[in-house]
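Each of the two complexes below includes chain A, the first together with chain B, the second together with chain C.
Entry: the complex of A and B
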């Protein structure tokens, strides 16, 4: 009895108290670094422990304040929530370790470490809560944390991206809140499990459809799906790159997770129009995102558009709503979180190595010779994102494609294949531009004039800045290794995803555990 | 664990002494827009309002009041003091940096949530003791939580307020 409630709340409490300790050590960079890394490490262990517990015992729940289930707020960790919380913890650790070398002193001391922990708390809370209003609260925690992280130490472009981001996300929050209110008015409960039971008795298809669409709009803005994605490429590449990695790994996925949870439990099983609608949006997201990626020249913007395009795959899995499709989406979500975060971290390392803070790939080149290890590391997430075996992205895409073909959705399968091809193209172009083509000094003819005369160079960003191995390469290496591991262990990993998917489609076990009846 | 509020009152008395001293100290060379009446009144309003805020905090569980409104009253007292004197005087009256108020407050609130877990109950379960402690009839964890909220509100409002004043 005792250890179970402790472990489900641990991924929320550990970042909370770590953030407090960082806040107490304000202005003392080294102390904050140590506290924050220690906290993120412990969070990783807790996430792993929670996942093991859930995998062995089934859904783990905790009634906050000991209030009985449909009335109080509960935390309910199923396979989906627990595994995503564990992945989020690992990405958080990698981003925080990278921040110790890749972030300027002012941003570090002005609260990055505390707010990064708040963000991890928000993500874990959203993954573990079993209550719609509580989900809204965690979204607000995430929004406030991301607002601070985005504007931290801001320049002009950064503030512009921040304003777009905050304005749109505030709208999303307002819609979300309105939808929560309407939902409570119609169904009479905000406990997810209780609502899943009661929603079947509500005989108001038009109203429920409208509420579901409001949820879709709110989560769609957060998850950056078509046509609500335009804020993302403006906002994500502008802050310091560990922040981008944290955002790219966590924020949009939380939006999509919320969609899987609410729509999967409450809306999709009760109306027919969801499947075609979600599949259409998925196809458009994929194509629009990948087209955007191919039109860009900045490293961060290319990754951001790739991130948008690949949200389409997860949405496709939700639209198919078959065990195979949803399992593919869940597996793909974990893989994509890791890959996008890795690519943002590599983008940061590349910016340091070339002295090109804006990440303009036209002024890069020749890194293959100067940074062979970085170039080799780039291959792992690029292959995974493009869907090449044996990386994780391949198995996720394979599962999604098989599910689409099994249900005879040929055009979405075509769109997914086309988007995979466009990703490959985008990644190959990125590789060519950053690593393979000759460096700019050789390209423009004449003898090598040395890096110190490049016009775009600023004093604090020397071109050949060294990247420390442990703090610089190790986070990338760990994440890339995780992606490879997820691909090599596709069989057991897919079983986990499959069990998570079946829990969404047939939520009987989740409902029983969440409402506190005997399992 | 109910002594934060008790200690608070001691702090208030000390703070008001310091505040009174600060008010009577002549400020050379600084043009101030406030009137002598207001600044003198603020000096005496500060302890009064702080006492009222603790009163609002303490009655808050069953009656109108509570940590948030108590914190707002206290923060408005400090803000009035900051307007009539200056940011430096407000810092002195607060004793601790506003950020530390936030840290201590969050720590109290989080600790109040953790305490029942030691007793094997879920996070945030309210624990009530029968034995009276000082002037509190039933010491309980919600009061600790509320005290945490009280401190966080003071710290948050004063951080914003003093930053705006110093700009």
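Entry: the complex of A and C
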């Protein structure tokens, strides 16, 4: 027997112990910083190592407590889970490094570092588990960590955003739990691989459809797909920006990953209505999200609506459910995680540079002259999100469009192209408003249509605060570089995505590895 | 028994949803708690109710035989209760903080996060 590859549990244990160490250093900011950055760095290495292991050996599984497969809980890392865990680790590191300069002292000392690690643990756990109920538990870990991060240090708007977020997500959790219960009642197993075998024998299409829809509702709220996205733009931009970056990079994508995993393995292959339903939702998500983005003026809110709109692309890949479409969705998911996190980090740097903590783009401008490096960095994620070559977003969209056209889904291809164009428009407007137009002081008659300053939105930082070069720009630079690298190395990266997609559509290898039969 | 529990589950969901539709923040949290309980009860019921058949392996046997109560749903519920307890504790503290900060219990008054900011 092959030695059990313990590397699979490393992405869960490393953040867990780092969080404990951060809690032990409660109140000591510098110590917490060092521990947390070290932990996130080691997590990146472990994520990379896990990905290499999975790529070389195929699906890696670990039976927790050594209970035989369908009865005990297993961790199962396939290409999809391992690569997303690695990307999540890099985003976590970038957000944590940014927190060392972009967060006020109180939030930093009062738990950000520990809770950020708990959140990374939840995300990695969700990406690596092979059990539906365990997936629920990881979702709750993620959720409670996100509750704390969102309300940390709370101002008025932040707490109100948190209420909406908490309420919606607790409803989603209750639905998820009920769906898990019903699923167990009908199929009789919670192990994903075992269930994938057994659902084929269940002859209750109406019941399975209803359970699948409940899962869709639960994950749809978390992934912010149409029409369940309205809480996201209210909640995501309100906390300090490293938290927004962490959320934008991880949370919604975990919801979509869960959808790919459960619906791809259990529901879509067994009923015909899923394709049209998911494609309709995808198209509506794209258009609604991008329309929302164009109607906004706040930096964080524009990015949040873009985030919603682009969830549509990944959902589109799942709806197409062809190797090419799903590969496009998976590749796009990695790219989008990086791009959205980068944009939130840039938004934070912009807010610091302009002294405009509210992020109102109407009172910004002229940053091109004062912060040319930041402006140059903005171009990378903006191009990638808009789908311009050679950035990663272009190849993801290309793959999705080719898959849609190959299956003759012309209208979803049209919607995807329209959404890409609207993204370009939205990014161009953001560029114009923040970097290109003359600064407010040089405009005639002051800021036109300037909003009244509300007392509770007084900028928290001094205007024109310096951004420390290494801690400030390095995370953005690394993420933007990663997006460029993903675009330049599109061929091998797409092969990885393709293999991940084929594992979902034809899960034989996953099932063999997870159930512990001889390969 | 299943019928009674089904109706009870349904009533809990209905009551939870009704409370969530109110504008009061406190009722929202109560509604969320009831929804959680409803989900737990649903799990319990759907696992199948059996009396007097504990899942013990009889002496001299190597595996379970015959009819036995499935312990798994109960393990799931225990986990869900613990998680729900944590979530509810957080939610209660949150509404206290929100009430202190905003001075209102009315959800319709909480519009600051939707303004043209950020």
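Keep in mind that, in the parts below, the second predicted complex is superposed on the first by the 498 of 519 C-alpha atoms of A that agree within 3 Å, B and C clash if a C-alpha of one lies under 4 Å from a C-alpha of the other, contacts with A are read in each partner's own complex, and residues count from 1 in each chain.
Here, a residue touches a chain if its C-beta (ideal position, glycine included) is under 8 Å from a C-beta of that chain, and two chains touch if they have at least 3 such contacts.
Nothing here was measured: the structure is a model prediction, and the numbers come from that model.
For the composite obtained by superposing both complexes on chain A, the positions of chain B and chain C are free of clash and fit together.
Look at A:20: by the touch rule set out above, it reaches chain B but stays clear of chain C.
Contact with neither chain B nor chain C is seen for A:262 once the two complexes are overlaid on the shared chain. Residue contacts after overlaying the shared chain place A:9 against chain B, while chain C stays out of touching range. With both structures placed on the common chain, the touch criterion links A:354 to neither chain B nor chain C.
Look at A:386: by the touch rule set out above, it reaches neither chain B nor chain C. The wider contact with chain A, measured as residues touched, comes from C rather than the other of chain B and chain C.
By the document's definition of touching, of the two partners only chain C reaches A:237; chain B does not. In the superposed model, A:62 makes contact with chain B only, not with chain C.
For the pair chain B and chain C, the model built by superposing on chain A gives 9 Å as the shortest CA-CA distance. Contact residues of chain B toward chain A in the complex are 99-100, 102-103, 106-107, 110, 113-114, 116-117, 120-126. Listing the residues of chain A that touch chain B in their complex gives 1-2, 5-6, 9, 13, 16-17, 20, 23-24, 26, 62-66.
Only residues 20, 25, 28, 32, 35-36, 38-40, 42-43, 46-48, 72-73, 76, 79-80, 83, 86-87, 90-91, 94-95, 97-98, 101-102, 107, 110-118 of chain C touch chain A when the two sit together in their complex. By the touch criterion given at the top, residues 133, 136-137, 140, 143-144, 147-148, 151, 154-164, 166-167, 170-171, 173-175, 177-178, 180-182, 184-185, 190, 234-235, 237-238, 296-301, 358-360, 451, 454, 456-457 of chain A touch chain C in their complex.
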